[in-house]
Structure formats: C-alpha cells, structure tokens
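Would you mind keeping the following structure in view while I ask a few things?
As written, the chains take the letters A, B, C and D, and residue 1 is the first residue of each chain.
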Amino acid sequence: MKQLRIGMIGYKFMGKAHSNAYRSLPMFFPQAIKPEMSVICGRNAGAVNQAAVQLGWSDSVTDWRELISREDIDLIDINAPSNAHKEIALAAAKAGKHIFCEKPLALTLEDAREMLHAAEEAGIVHMVGFNYRFSPAVRLAKKLVESGRLGTIYHFRAWFLQDWIMDPEFPLVWRLQKEIAGSGSHGDLGAHLIDLAHFLVGDIHEVIGMSETFIKERPIATEMTGLSAKGSKDDPKGPVTVDDATLFLARFENGAMGSFEATRFAAGHRSTNSFEINGSLGSVKFDFERMNELEVYLTSDHEDVQGFRRVLATDPAHDYAEAWWPPGHTIGFEHTFIHEMLELSSAIEEGRQPEPNFHDGVKCQAVLEAVERSIDERRWVNISEM
Amino acid sequence: MKQLRIGMIGYKFMGKAHSNAYRSLPMFFPQAIKPEMSVICGRNAGAVNQAAVQLGWSDSVTDWRELISREDIDLIDINAPSNAHKEIALAAAKAGKHIFCEKPLALTLEDAREMLHAAEEAGIVHMVGFNYRFSPAVRLAKKLVESGRLGTIYHFRAWFLQDWIMDPEFPLVWRLQKEIAGSGSHGDLGAHLIDLAHFLVGDIHEVIGMSETFIKERPIATEMTGLSAKGSKDDPKGPVTVDDATLFLARFENGAMGSFEATRFAAGHRSTNSFEINGSLGSVKFDFERMNELEVYLTSDHEDVQGFRRVLATDPAHDYAEAWWPPGHTIGFEHTFIHEMLELSSAIEEGRQPEPNFHDGVKCQAVLEAVERSIDERRWVNISEM
Amino acid sequence: MKQLRIGMIGYKFMGKAHSNAYRSLPMFFPQAIKPEMSVICGRNAGAVNQAAVQLGWSDSVTDWRELISREDIDLIDINAPSNAHKEIALAAAKAGKHIFCEKPLALTLEDAREMLHAAEEAGIVHMVGFNYRFSPAVRLAKKLVESGRLGTIYHFRAWFLQDWIMDPEFPLVWRLQKEIAGSGSHGDLGAHLIDLAHFLVGDIHEVIGMSETFIKERPIATEMTGLSAKGSKDDPKGPVTVDDATLFLARFENGAMGSFEATRFAAGHRSTNSFEINGSLGSVKFDFERMNELEVYLTSDHEDVQGFRRVLATDPAHDYAEAWWPPGHTIGFEHTFIHEMLELSSAIEEGRQPEPNFHDGVKCQAVLEAVERSIDERRWVNISEM
Amino acid sequence: MKQLRIGMIGYKFMGKAHSNAYRSLPMFFPQAIKPEMSVICGRNAGAVNQAAVQLGWSDSVTDWRELISREDIDLIDINAPSNAHKEIALAAAKAGKHIFCEKPLALTLEDAREMLHAAEEAGIVHMVGFNYRFSPAVRLAKKLVESGRLGTIYHFRAWFLQDWIMDPEFPLVWRLQKEIAGSGSHGDLGAHLIDLAHFLVGDIHEVIGMSETFIKERPIATEMTGLSAKGSKDDPKGPVTVDDATLFLARFENGAMGSFEATRFAAGHRSTNSFEINGSLGSVKFDFERMNELEVYLTSDHEDVQGFRRVLATDPAHDYAEAWWPPGHTIGFEHTFIHEMLELSSAIEEGRQPEPNFHDGVKCQAVLEAVERSIDERRWVNISEM
C-alpha cells in the first residue's frame, strides 16, 4: 500500500477538523491508505507545538517553505488564511507534493487559475475542501438527480445563513478584511452553495447579485481564535471591507433557475446551510443543521400519500453509512471531513484526481467573481466572460 | 328532499361549533339535506336570545322540555353540560326525535347504555360527537389501516395534552366538578383518544390506568364562559373532584398494544391531540395542532428514500378536500364539525345510523369506566367486565 | 347601524371564499356591520343562479352593468378574471359604490392608477384582496416588526411555491394567458409576496428579476372550473403566454435586502407561501401551509435557550383569535377572508379607508411591472421610474 | 498526571464506539487524562487481532482472565454480551481494576447488586454506560430541571422506538435470547429511558407494565455482526425468548407521572429515543434522531410569543459545545461516548465516582425487574419491594 505522509499548514478551526479526519480514517475506513500525520506548520512556535501534541502530529515547524522542502512529505494540506493559499500551493506543486487546499481556493480567479495550472503542470493530485458534498444526505440528493429520479431540474435555491457577527461590537477579525479573506459571506458561505450547485445541478450560465455591509466599522480585534473573538466599544475601530451578505440570481446552462443567499446577519441561524431542488419528477430539501436528513418528494408516490418524506441518511443504502453506526444513529459536522479525506486517499491510491479538485475550485471562483462584477457593474454577467 | 329541522340545547363553545357547521353545510356540501336552524335552547333567556341572533337560529326557548315537545323539530342537538345529556336524550327519544349528542355520551356507562337502549327502542337516528374522526388526515389514516396498507397493527399510542388549567388560580369551572363533568381530562380528552383507537385499531380488551389531580383546590369561579374563566387568590376555594391527568395502558382485541395519556398539565401544549400507529407495513402519525397533515411511513418505499412523509390531506384524493379549497389551502378545527354534520345529514337521508353513534358512545364509556375501575382497584380490568 | 348590501361579480374560487366570509362575519364578529348578500353576478345564467342558491345570495344577474346600476347595492365585490377588474371598477366608482377588488388590481400599473384615481374622485371606500395579511400569525409578525422587537430589518426572503401546472398536459386555462391574467406566477403568487413585503418591511427601492416559462405550449382547455381543469395529449395546443416562475432581488427603501420567488413548478409544494424576516434583535418565519404558526427568534432570550420558537397564534394575545376557538384549535385558509371582510366592514362603519386599499394595489402593481421591465431590459429598475 | 491504561473486552458495535471515544478524548478534551488503548480482548484471535489494528489498540488477547491479571492495566471496559458482565466485573474488581461496564449492568438485579457490592468492597472507580446522558441537549434539559426553571415536574413520557427486527426473517441473534441478553427491547432500550428518568426527574416509586413478543419464532442466525445479521425462510427456527416491546406506567417519588415505551416494532423509527418533561413553569422535548436539539417551552415568555423553541445545543452556553465546532455545527451519536469517557477520566483523576455508576446501574435494574414482575403478576409493583 502506498504512503500518504502529510504536512499541514494551519491549525485553527479547519486544522482541527482535518486532523480529526486524518486520525479517524483508518478506524472507520480501514480500506483506505492510512494518512500519516507527519508535520504541522504554523508561525507561532509555541502554539503550533501545542497543536501538534493535541491534534496528534509527529512534528511541527514554523516555516512552511521548510515543510514543503522535506522529502518525507507526500501531501501538503493548506488551511491557512485564504490570502496564503496561492503562494503555498505554487511552491508545493513545484516541489511535486499533492495538495489539499481549503476553500476558497484563492482570493481571485486569476490566482485560482494559476494554482490549477501549476498543479496540472506538476502532475500532482489536487483537491479543494468543499466538505458539504460529503454529507450522506447530500450524496443521496446527488444520486437522485443523477439517476434522473427528480426529472428535469427547474429550480435550485440555496441559502447559507449565520448570525455570529451580528453584534456591532464583534471585532474586525481577518475574515472581515478583504485583503486576507477575499470576501465576506460571499466567499466563505456562498462559495459552498455555488459548489453544491455545480455538484448537484451543473454549470452556471449567468448571474446577477447584490451585497451589503450592514456594520461598516468594527473594533479592531485584539485577540482571536478560530471563529471566536472579543471586542469592546472602546477599542479603536477599522473599516469592514467585505460583504456581510450577498445574494444573487443565476441561470444554469441546463435552463434551471437559481437563487443564492449568503449572510452573517440572519438572527437565530447559527449555521443554516440549506438548499432545495425542484425537478419535474420530484424535489429534495437539505439543511445542514439537520445534516443527517434529506427531505424527498417524488411525484410517483401514490396520489393519497404524496408528501415530502424525511429520509434519515443512516441506512445501509446511503453512502458512508455502513462505516458508521446502526441506522438512526447520526453523525455530525466533522464526518464530512472524514469522507472528504477518504476521497482524497482513494484518489491518490487509484492515481486519479479526486472530486472536488482545483477545477472545481476555479469554477467556483469564476462564479464568485462574476457575481462581484455583476454587483459592481449592476448588470447580468455571463460566466464565460470571466 | 327530507327536512332536518334542528333544536339545539346549549350555546357555548360546542353550540357555536355546531351552529357554524349547520350553517356551512349547504354551501360546501350542497348535496346534503339542508339543516334548518330552528330553535336554540338555554336557561338564561337574554343570553340564549342573543345567541340565537348571533348564531343564526330562528327561535329560542328556555325550557328544553318545551323544545322537545315541538312538532316542528326533527333532531335534538345536545351540547349542554355532560350531566344533562341523559335526561334530555331519554325525553327526545321518547318524543321520536333524532339525536345528536356531544361526547361524553353520559356520566356513567349505565346511563349511556340506557340512552342507547332508549334510542334503539324509539327507532331514531342517533349520533355522538367524536368530531376528530372527521379530520381528512384522520380519514386517510383510517383508509390506510383498513385497506391493509399498514399491515398488522402492533402499536397505538396517543396523547391529548393541554395546559389551560395549569395556573392554580384558574377557578373551579364545571369541567372540574365530577357531578357535572363526570371526569376531568379523562372524559374530556381521553374519550376522544379512545374513540380514535376504536375507529382506527379496533376494540380494546383490557386496560390499566393511573390518574392524578395536581391542584386539589381552586377558587370558586364567579364568572365563566366556554373554556375561559377568571379566579383570584382571595376567592373562597373548593375541591377539584376530577382528574387533571389520566394515563392508561391497553391491549386491543387484535393483539395491538396501546398507550393513552390525557392531561391538562402539559405546559406549552395548547391542544395537542396526537396519535401514532405502527403496523408491520407502515406507520402514521397525527397531531391535531397540524390537523391538515398526516405523517406516513411505508416499508414498501425504495430502500434509499424511506422516511416519514408529511402528507397534506388537501388533495382531491383525500376525503372532503374537494369541497373546500385547492390543494395546499388548509382547513381548521371547525371543519371537523361540518363533516360530522354531513355524516349526520347523510345518514338521516339514507335511513341508516351514522358513525359514530350511541354504540360508539357506549363503547367509549365502557373503556373510560374500566380505566377508572382499574385505578380504584389497582389492577387490569377487562372491558367485558363492564 | 349602517347597511352593507353587496353585489358580487364572480362566483368561482374567490367568489366562494368571499361568500363564505360575508356569511360568517356576523357569527364570529357580531360587532361588525352585517353584510347583506344581495346580488351575485355572472355571465352564465344557469350557473350563477345555482351559485346564488349554494352560496347564499338573495338574487342573481348576468349583466354586471345592471348590478352596478341598482340602488339597493352599497358595495361591489369584484372577483372576476383580472382583465375585467378595471372596467367594472371604473363603472362602480362612477356609480358611487364602494369597491372590494381581488388582486391583482389590474393588468397594468396604468390601469391600476386609473382605478385608484377613479375611486378617490368618487370618494368611495376601496379595498384590494391581499388576504394573507389577515392571518393571525402574519399579524403577529407585523406587530413584532412595528414595535421594534425585531430591531433593524436586514433581510426579507419570500417564496410562494406551487406545483399544480407541472403536468405538461395540464391545459391552457385563463390563468396561463397574458391577455386575461396579466402575468402568471408573478402576478398570481408574487403579488402576494410583494404585498406582504410592503406590509411587513416597507417600500421597495429597486428590483432585478428573471423569469421562465418551462412548458411553452399546452392543450387548449375544453373545460375548467376554479383552479382545476382537464386536458389531454391529443387536444390542439396553444402557447403559454405567462411566466411559470419569476424570481427577483430587491433593495428596500430602509436598506433591507429582499429575495422573492414565485413558481408553479416546485414539485411537492401545493401552496407554500412562506417568508422570513431577519432583524438585528430577532427573526420570524412563516409558511402558509402551517398558517397558524409563526416561528419567532429573539436575541434577548437567555443564552442557553436561544432558538426559534413555534408560536401557535391561537392565544388571546393574538389578533382575531378570541373570536374563534380555544387556544390550540386552529383556523384555515378561508378565515383570512373573514378577517379581511371585518376590516372592510369596520372601515365602512368608521368612514375610513381599509388596509390594504387601492393605494396598496397600485404599489404592488408598480413593483410587479418594475420586475417585468427589469427582466425585459436585463437591468436594475428603480421603482420611482414606474 | 495519572495513567489510565485500558483493557477492553468486546469489539463489535460498542467496542468500536468506546475505542473511538478513548482515541478522541485527548484531541478535544486535552485537559483529561489521556486513555491508553492498551489491550483489547475477544474470543476469536484473528478477529480481535484485526480489531486491535483497526481500532487502535496496542495489544490483543483472547482470554479475559489473562487481561484482568495484567499489571499494566488500570481499567477494564466491559462491552461483551450482557450475560458476561457479571463474572468479568467481579474478577476485575477483585483484581483492583477500575471498571467501565456497558448497560444493562447485569441480567438480574441480584447480579447487579453483587457487582456493585464487589466494586465498593474493592474501592475501585465504577461506571455504567448510559451514554445518552451525555448529549449536550440532555444536559441542558437536566440543567433546566435542576435549576427549577421548569418548576414542579408533573409528567415524564419517553419512548425508544426502533424497527430493525420487524422482518420475521430477521434471525435469532443473541439480543433475542433471554439467557444472553436478559431481556429484549426492555433491557436494551427501556433501560436507557429509565436511566434518563432517574437522571432528569428522580426516583421511581411504583410501576406497572405490559409486554409482547410479536414474532415468536425466528430463523437461527448463521452469521451476525454488531446489530446486523442475515436469515432466510428455510433456516431452522428457534423461539424468541425476549420481549419485542415493553410499555409501563410509573409514579415517581416526587409525584410526577411517567409513561415509558420501548419497542423494536415501530416501522419508520430507526432509533427514536425521545422524551418529554412537563413542569409547572415549562416543558422540554428531546429526540435522539435530532440529538443536537432540545425543544424548550417556558411559561415566562411574553404572552404573544409563547411556544416551544428549538434550541440547538451547540452554543458556548451548552455543555461540551466549546470543545467541538462553532455554533450550528452539529455532533453525532459517537460524541456521547467521548463525553462519557471524559466523565470517567475526570472522576478517576479527581478520585470520585463518576455518574452514572453502578449505583445507577442497580437502580435501573431494579426498575427493569419491577416492571417484569408487574407484568408477570399483573399488578403494580413498588420499587421498594425489589
């Protein structure tokens, strides 16, 4: 069996999720190549050292270039802030390392394309972290669409609603700064919706959007970790340079109509990542807060018992389910990453590109930027313009 | 077409629901005999007169004996307090009037049997007001059971949960006095569950129960109307002589297991009248607070899309639905009474007994009393003992 | 007490709903002026005569001009197909009759404005039939917004999803013909969403939309009634000239962001009329298929019990509830019309304009047309352009 | 920091869940003693060896006595079939090992008491595996009850519904044999409900129950693993000696009324472990299929927004949540075991007994047996009789 020695850059929210996934893979999917959690990398020596111990990495370094130069590493996992993705990925590709990169792939479409080009030139395996594809309930939706059981797709509507920065005193974390994060809710949340749309419905033809920054200035963050941070009224303030909410309409290549909304200002929604698909033969609804469930409607049901059924995607008939617990015993957020790493590991073993890979990352970035252009220029933008 | 001239005794909560039903029948079910709202009867002349005007009755009287003696009345509708049912029904039967009687039929099984006997002797049409049978979603459940689509029935569990008397200052209304109401949650709410069990699953073989009166004394009510009343701490108190909650287990004749709970002390449940049936081929769930819906599970569904489906019983395939609004446009509590009066009117026209009739009222009373005996004697009671 | 003698034009779906409302008003809201159901009008003498009997009207006529000319009529209720609204309304206003007109007010904004102008010139009372405003749960949403309990409004998203014409063999009924209906899902369903947006959030500043007709030809209908009709493959076909689905984005005057979707191609949605509002202090969600419920989230809840609560709007604290049944006993679709007629009757008695009136009808029409223009011209359209 | 070297007996469903918990503890709760996964034990050498590799144990043995005799083991984790618990636990206690034992503690109350006695004599730390206590949403329920925020408790109703053996061809696995499993749904599912009742409401005073075995003979299993197994019509059959369903009523010491139902014959319920508590100041509802949620009703809510709120127990205010993912990102079944092992580890470190421990196991067993006696003798049984 091949080796898969990993060097990971980043150790906060995503670093923890990835570590847990690498660590869990052999127990639940023993057929996969076992990832070796070799080296973790972060700028703060003390912190990254502590993370190595807690998260189970054999070694830690503070310089990502050093990590990339090591012979004993097969794959670079990039989950540093978004503005660091490109430089690291280019270097990793050049060094012939496989790459797993968190989404969004890059800050701009141009950068994303450069990364894809470099990866293809280097002939490495590349993957991008659209983890929601790996919910069993989402796989079921995919299966129903792909097999034609929903018929012709007419509508895709999706919304990713959060409320964690609604307090005006919440500080100016990096996710609220354009030069680091690229965009706000759009790239963070909307990107997931766009990828799900690509995965489930197909390519997008044209878009038009709108966006808003409701709170335009915030206290400069003095301390932050993962998604949490603290600020106060008396702190000096700085401008929020990303969107708090972005909505857009889309027309798919296949004629379906799309509606997308990403916001961090939906009180009561901690993390509602939800979509619905309507086809000529049926519909599906998904909400990540109830990620084990898919609501399914089929027009072929007997006329007196037609209705959305709540399918708990924990039966043997559902992807990944048999690796886990008996039917009715649910899994959680972190499991999407374990399934993601299974795809990564399988692709490497089988010598193919995993899905989603940098192509998908580029495609997502093209839509993200097309939406931004449509907002700037107040007009419909065709994706082929990008 | 035959005539159906009605004399109604009672004009509070149920009187209003019945009046609305009689009044609505011709508009939505024009094929039915049109009920004539002839005379309404109540002890307080001013109040009953006002009710006649508001509810649409042609005439009003204060003496129910006078009402029964009138030649121009075909049917007596009894919705006075429970302790008055028997005397009125016996007199009405003797006078050859058809009878619609609210549930519970009587305060005791003996009385109920006497009423049934009198009705049969007189050869009149008799009906008892178990209105929940007439929800389209409940009819769908019935259809699924009866046609065998749920297979062998293993379980019936039902609960009727309310919270309107949880405040200890809520006064001692007639519904809390045994000599008027017969029992508390048991006869008021549990009776409906028992009737639904009879309707949907079949006869009950044996029962064992428990009951409780959580608040044992209450202010004596100075003013009350329908279900609402006011009391205060300083009012003199009297003993509550009925149960606040009664639970029981049951074994059905067909081997199914039953669980029943009626309570007025379930905070947050304004009126949750709910049941679930589990059979070898499927299950159904119902909650009257969402009365237009039936949740249906069928084992015959394809293995990857098994789940409870939420059927909105407003399609043409559902009983009564076409008389109302287009699919997806819901009906409410009062519509159960309109459907009930349709059954009453149809039965009279067709010269048959409606369902449910006094036989069902007696059967329900037998279970109610068996449960009470099982509580008193702390043992299982066979319904055939009663 | 003043008189309110009604002449109604139209007797299908809406005619039945209105008749039921007039008939029910005195029983449940005895304080209101009692509407007299005087004359019903329709082109087919036999059918309208039968409708008069079934729906409870004293008289029927086949010529609406005759109806309007009658001295014994105070109010004209217009629920004929949309293309007839204008001519009737202008004549009624000229005759000094009060007018209740179903939505959409007219086929064009220009017509709607002419109708408003005529009504104002004539000094009559005018109302437009946006019945969903009159759900108790919607009133609760209004109250929460208006009192500031939801804080600054950031988002309004709404969708009205149906599936009744998804079958390509469903025939070309009048609702699918532009010259009669004006538009398809947009004017039929979207109009309700726009009115709710106006009612709950405020005026709309600009819009951009997209629309689609998925099934472009349909069998010419040979028989139709209300919303139901039959067609077959072998019937000759004609072009569908209205939209099957229309979506649009909106910016409100107060800065809130809006997303709207109306479609008749959402399999499994019989009639999902749903919205959500997110404000700085809380959120509400509504779905007409569960019209008695409003989901409410308040940021002021204790930190360990924050969540959307399902409020059943049947408590005494909720609008209209006390006129109906005890808490927990729900109402249905038709009740929105009864509450609507209560507002109409009250306004006439109090000598004021009801809400919503022709101003609201015009405002809605302006947004409908702005959306259409935005679709034609593929650009954002400011409502002030219209 | 103290050591916690574990020897685990059993490696199927529960063995996997425990292994995952031990393995995950240090990553998510680094403050806890790190469990060392030393030795795993099973009768089949090849299978247990493979399990050791897959589940991450350093060593494996086939003789549990050998395991217990090893010096380098601090704690024995018993998740072998129920009939093996007692002998192993007695030996482990005698050897001075701490014990974690899966539920039910033993096949009989007498055995359970003997195990408790042995554990106390030995002065070891002992714990029993009622993992559902460790759902964050259940902890929230506990907190609301304990702090008095629900007031006086009136009702506890609970049901654990499954459907995995409804097929009559499902074979006679050990869980269906009394001599190995002790009982069926009662001890497997009902035991969890009883423990939750003890945890959330308090001690039970008396019970009366009923039970049923719907399928009385089944094919003798030829192959089985965890909860899954295969049989066929042609296999020889043997008698099912445990209950398929057991229901009982209970009165708590504090006066609350209880209703319990455990069944494996509820079609559509893969694993619905659900309870509701009604108190004078509020109610809570829980369903393990949506284990991240607790529905909470509080009478103190403003009168116009009273309703059950859906609390997602993933906020910092909820137990365990901060160790996991940001608010709105859910956890699954397996996490209950991780929290369980945290309590085990913390208790060992702090030199106290964890909760739940063998006392709770005995208490649960007493109720289980009292219910069985009540069924045999068809009468109420007081727990103090046991």
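Observations, loosely collected:
Assume a residue touches a chain if its C-beta (ideal position, glycine included) is under 8 Å from a C-beta of that chain, and two chains touch if they have at least 3 such contacts.
Listed by chain with UniProt protein names: A, B, C, D = Oxidoreductase.
Everything quoted here is computed from the prediction, not taken from an experiment.
Should one ask which of C-D and B-D has more C-beta pairs in contact, the pair is B-D.
Seen from the Cα centre of chain C, the chain whose own Cα centre is farthest off is D.
Our note on geometry: chain A versus chain D, Cα centroid distance of 35 Å, whole angstroms.
Measuring from the averaged C-alpha position of chain C to that of chain D gives a distance of 54 Å.
Centre-to-centre spacing of chain B and chain D amounts to 41 Å, using the average Cα coordinate of each chain. Multi-chain contact residues of chain A (touching two or more other chains): 269, 297, 306-308, 312, 315-316. Interface residues of chain B facing chain C in the complex, by the touch rule stated above, are 13, 16-17, 19-20, 23-24, 26-27, 30, 53-56, 162, 164, 226-228, 269-272, 288-292, 312, 314-316, 324-335. For chain B in complex with chain D, the residues that touch the partner chain are 154-155, 157, 159, 161, 166, 208-210, 212, 214, 245, 247-249, 251, 255, 257, 259, 261, 263, 265-269, 276, 278-283, 297, 299, 306-308, 378-380. Contact residues on chain D toward chain C in their complex (touch as defined above): 140, 143-144, 293, 296-298, 301, 303-312, 315-318.
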